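The two complexes that follow have chain A in common; it is paired with chain B in the first and with chain C in the second.
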Partner chain A sequence: MLAAQIIINALVLGCLYACIAIGFSLVWGVLNVINLIHGSIIVLGAYLAWGAYQSMAISPWYVLPVAVPVFFVFGYLLQRLLLNRVLHAPVLVTLTLTFGLDLILNNAMIYFFKADYRKLTLKPPMGSVSLFHVVVPVDRLIATVLALALTGLLYLLLRHSRIGRAIVAVRLDRDAAILMGVDVRSIYAIAFGIGAALAGCAGVLMALIFPISALTSSSYLDKAFVVCVLGGLGSVSGALAGGLLLALVEGIGSAAIGPAYATTLSFALLIVFLLFRPQGLLGRKGFE
Partner chain B sequence: MSDLPCWIAVTIAGSEMGVWMSGSKLIHWSAVLGTAVMAIASWSASGSTVRAEDVIRFGAPLPLTGPLAPEGIKQQQGYDLWAEQANKAGGISVGGKKYKVEIVYADYQSSTPRAVQTTEQMITQDNINFLFGAFGSGAAKAASTVSEKYKVPTIAAAASSSQVYDQGYKYLFGTFTPNDTLTTPLTQIIKAKAPDVKKVAILARNDLFPLAIAQEMEKSAKANGLEVVYFEKYAIGTLDHSAALSQIKSLDPQWIFITGYINDLLLARKQMVDQELKAPVVTMIAGPAYQDFIESAGESAENVTSASWWHPAERYDGKDIFGSTENFVKLFHDKYKSDPDYGQASAAVCGALFQMAIERAGSLDRDKVRDELAKLDVVTFWGPVKFGPNGQINSLEPPVFQIQGSKPVVLFPLAIKQGELKLGVN
Partner chain C sequence: MADSPIVELQGLCAGYGEIQVLWGIDIAVRRGEITALIGSNGAGKTTLMRALSGLIPTQGGIYFADDKDVTGDRAAQILARGIVHVPEGRRLFGAMSVEDNLLMGAYSRKVSRGELNRDLDRVYGTFPKLCDRRHQAAATLSGGEQQMCAIGRGLMSAPRLLMIDELSLGLSPLLVEQLVAALRALNAEGMSILLVEQDVITALDLCHSAFIMDMGRIVRHGEGAQLLADPIIRDAYLGVLET
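The block that comes next holds the complex of A and B.
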């Protein structure tokens, strides 16, 4: 029964990891930008959910529809006004710019919200469901379902909408996309906007699960990075596969050799992937 | 991860300067820049010499950003309150002359190597007279090698592990008693009040203080005839404890003991509720001593036990600048609109102890002040203060408490006991 509990915990956590990583994967895959501000956007989403609940008792579920346009516009403007200017510069320049933006956003959050850890505790708490002695917390379960829904929506958007096909086209061959009349600068901004919206939504969901502080942004960024490398850039399902693999390795590793070594194990796996399968589990050239 | 781009940025800046500037231009600009830096350095050095005449400068390397920032900021509040009170009273009296207190802060970003660099920089460049130790046992121990090298008296406000003081250093003092002074009374209370508790599970953050106190707990449990059925460490920055908690649940312990800092313990407590992991006794060190933990954990904090080195309910009539514990709590409350916890109180008492030692020495000579610190045997708002031969305080009786009705209720020592142990953490 313990094994079943550990596997279920890992599967739920894996979906949350995928939710954390999907926006990061999209931006990296399409724009070739390692977006170091991603973790801070997640935390900003968490603060949005926390603020809405503390001040107006609005549940995070209802915050999600607000978070999508707010963070989309935030990301769109960020790309349009700043990142587009350095997109063709060497990768270290975009890395440095997003790092600088991350410092600004992170310190602004510390300034406004202080460094204290906050917790969004629903009243009454949602409790847990138990099946054959395997317990799953309801809030994690709902967050998992919503994370899967967001991932599915992104898949559909990329697969079946004009904008989605344009994003994929830019990812596959930027020059050919320009020749076909695609406004690349606009597509870049839309892709970054979608990435920011996904990060903001992830933050809203994570607010229910993890303590909230600007100081946790690097933990989210680390997880997103590992998930992307494991799952592979260029596919929505890659983020999901990477998240599940990471959570399973951490969960089983934690039970087998102790929680102190779970992170070491996951980073060892990352190195193995970088050496022997750099494209990740499901990585492809195009983004679906 | 977030540290990585720092050096990348420096590398880019360096390489791009090289690309932009031809050899002779580069030399020219380097010379101009070098001259400017030297001019600024000499100006600032002369400025600090003037200030040093009527000011005593205390260096306080703190983690003001990064994961330990909440604790670092609390410590800063304690130092600031002491400096404010000391200056309000005219300053520190040295041989009949009053010196104002100035605290020089530096943020070491929760990184122990940076704490060491910052400490050295304070001594060699910022002209500080005395030092407060870095936060936590790990950073305090690492930074103490530097202060010892330069023979700067240092009081660590937040370092309890014996490994910090067992280095044979002369200039290092600390206001936290050894870790076993927390775990031993706790175990004895549980043993006396909850005889059905037989099995203990211990989960510790893999960090110097949280791990050391967990190891003391293990020793203490075994010494009192309890069976330690689980002892594991978790990595710093762990985002999920569910696997460890599931294992603990399968072992059905009556006492769950988890160590870490606020974020770790909030997460662990939330996941315990999620996993329906219940026990008659749950102890967490060091989060529950902070009001933030109680507020954020809400009902799940109820009946969680803990121990710390100080509590606002204590009643000491001190000879220090704050006088009584009540007065310290009042002054703190007036300034920050909240009750102090042990971290803030410890920082404040470190300043007050320096003040007493300097006034007794009648000099700013570091060796004389060090000798006065070593000789101190005085009651303060923090409690009786006397340092052992290794520099660690050995005169305190740290309180054990339990969260009851969203408030910490003292269970020990008897002199300030406020309530009885309640069993059952759901």
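The block that comes next holds the complex of A and C.
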């Protein structure tokens, strides 16, 4: 039964990890930018959920429809006004820029929300469901379903919409996309906006599960990075596979050798993948 | 207007950064005709195509489209004039399906889904093989099918001037014949075509008139049949056939 519980926990967590990583993966894949501000945007989303619940008792599920446009606009403007200027500069410049932006956003959050860990506790609690002695809290279950839904939405958007096709086309062959009349700068901004919206939404969902503090942003960023390497860049399914693998490794590792080593284990796995399977589980050139 | 060239260049210079490739190109592409651009490797044919479609900036000279000065226009603006570039090497979006590639061709057109479907059907009518493979990833097509897909994607942009770079490269003679027949049919419907082609006989046979390029300059211009009979051309480009 313990094994079943570990696997169910990993599935639940894995979907959330995937949700953390897809926006990061999209930006990395399409813009070729490693977006170091991603973790802080996730935390900002968590604070948004926390604030809405503390002040107006609005449940995180209802925050999502607001978070999507707000964070999209935030990301879109960030790209249009700042990142666009350095896009063709060497990779170190984009890293430095997103690192600096991350410092600003992160310290602003510490300033406004203090460094104390906050907790979003639903009142009354939603309880949990149990099946064959496997117990899952209901709020986590809902968060997982929503994370999966967001992942699925991105998949549909990229597969079946005009703008999605253009995003994939720019990733596959920038010059050919220009010949189709695609405005690459605007596609970059939209992709970055979508990435930020997904990060913000992931944060809203994470607020239900993890303590909230600006100090946790780097752990989210690390997870996004590991998931992308494990699953492979370039696909929504890759992020999902990477998220599930990471959660499984962490879950089994925690049970077998103690929670203190879970992160060590996941980064050891990262190194193994970089050595022997750098393209990840499902890495490919297109973004589907 | 009817007699004015669809595209005209006067002393056009272009290149890549510091490296100038085109040195004062003068050409006029006549409306409703098939025009060929011939020359050896490195003559600057592809660079000229890229300058015409706005992929690279011009460094001098004037570019007219429909008698309007479009020098310095971006690729999207030139595309909006119906000047469509099917690039060398096809440059399909390999991981995307054939149909998604075709739809990308229509990306910048503001048309209804119904009209898109009619255009898709027309492309599938021209190239029935694409219809069979519409849901397949473009990268899995054969070379000939890829070229059909690339031309089909160009057609989806609703071209008035279709510019095709290296139509026959790497294709079997039979496939080239099919493509040539398709181009003739499109031209008969009134579409102007500018063709870059390695295979000089195919090109001169197909085109109404041709420009011959060398070292980034236009060195000769004439009717296709006339150039085909020209001893100098035969010597320089068709030497093998003289034996």
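Please note the rule applied: the second predicted complex is superposed on the first by the 288 of 288 C-alpha atoms of A that agree within 3 Å, B and C clash if a C-alpha of one lies under 4 Å from a C-alpha of the other, contacts with A are read in each partner's own complex, and residues count from 1 in each chain.
One rule holds in what follows: a residue touches a chain if its C-beta (ideal position, glycine included) is under 8 Å from a C-beta of that chain, and two chains touch if they have at least 3 such contacts.
Quantities reported herein were computed from a predicted structural model and do not represent experimental measurements.
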Touching partner for A:Pro125 - first (chain B), second (chain C), both, neither: first
Of chain B and chain C, the chain that contacts the larger number of chain A residues: B
Which of chain B and chain C A:Ser254 touches, first, second, both or neither: first
Partner chain(s) touched by A:Ala176 [first = chain B, second = chain C, both, neither]: second
Which of chain B and chain C A:Thr96 touches, first, second, both or neither: first
Contacts of A:Ala10 with chain B and chain C, given as first, second, both or neither: first
Residues on chain A engaged by chain C in the complex (per definition of touch): 162, 165-166, 168-169, 172-173, 175-183, 284-288
Complex contact set, residues of chain C against chain A: 53, 55, 75-76, 79-80, 85, 87, 91-96, 100, 103-105, 107-108, 153, 157
Complex contact set, residues of chain A against chain B: 1-2, 5-6, 9-10, 13, 36, 39, 92-93, 95-96, 99-100, 102, 107, 110, 114-119, 121, 125, 128, 130, 135, 137, 139-140, 209-211, 213, 215-219, 221-223, 225, 247, 250-252, 254-255, 258-264
Chain B residues within the chain A interface of the complex: 1-2, 5-6, 8-9, 11-12, 65-67, 69-70, 73, 203, 206, 232-235, 237-244, 246-247, 250, 262-263, 266-267, 270, 273-276, 292, 296-300
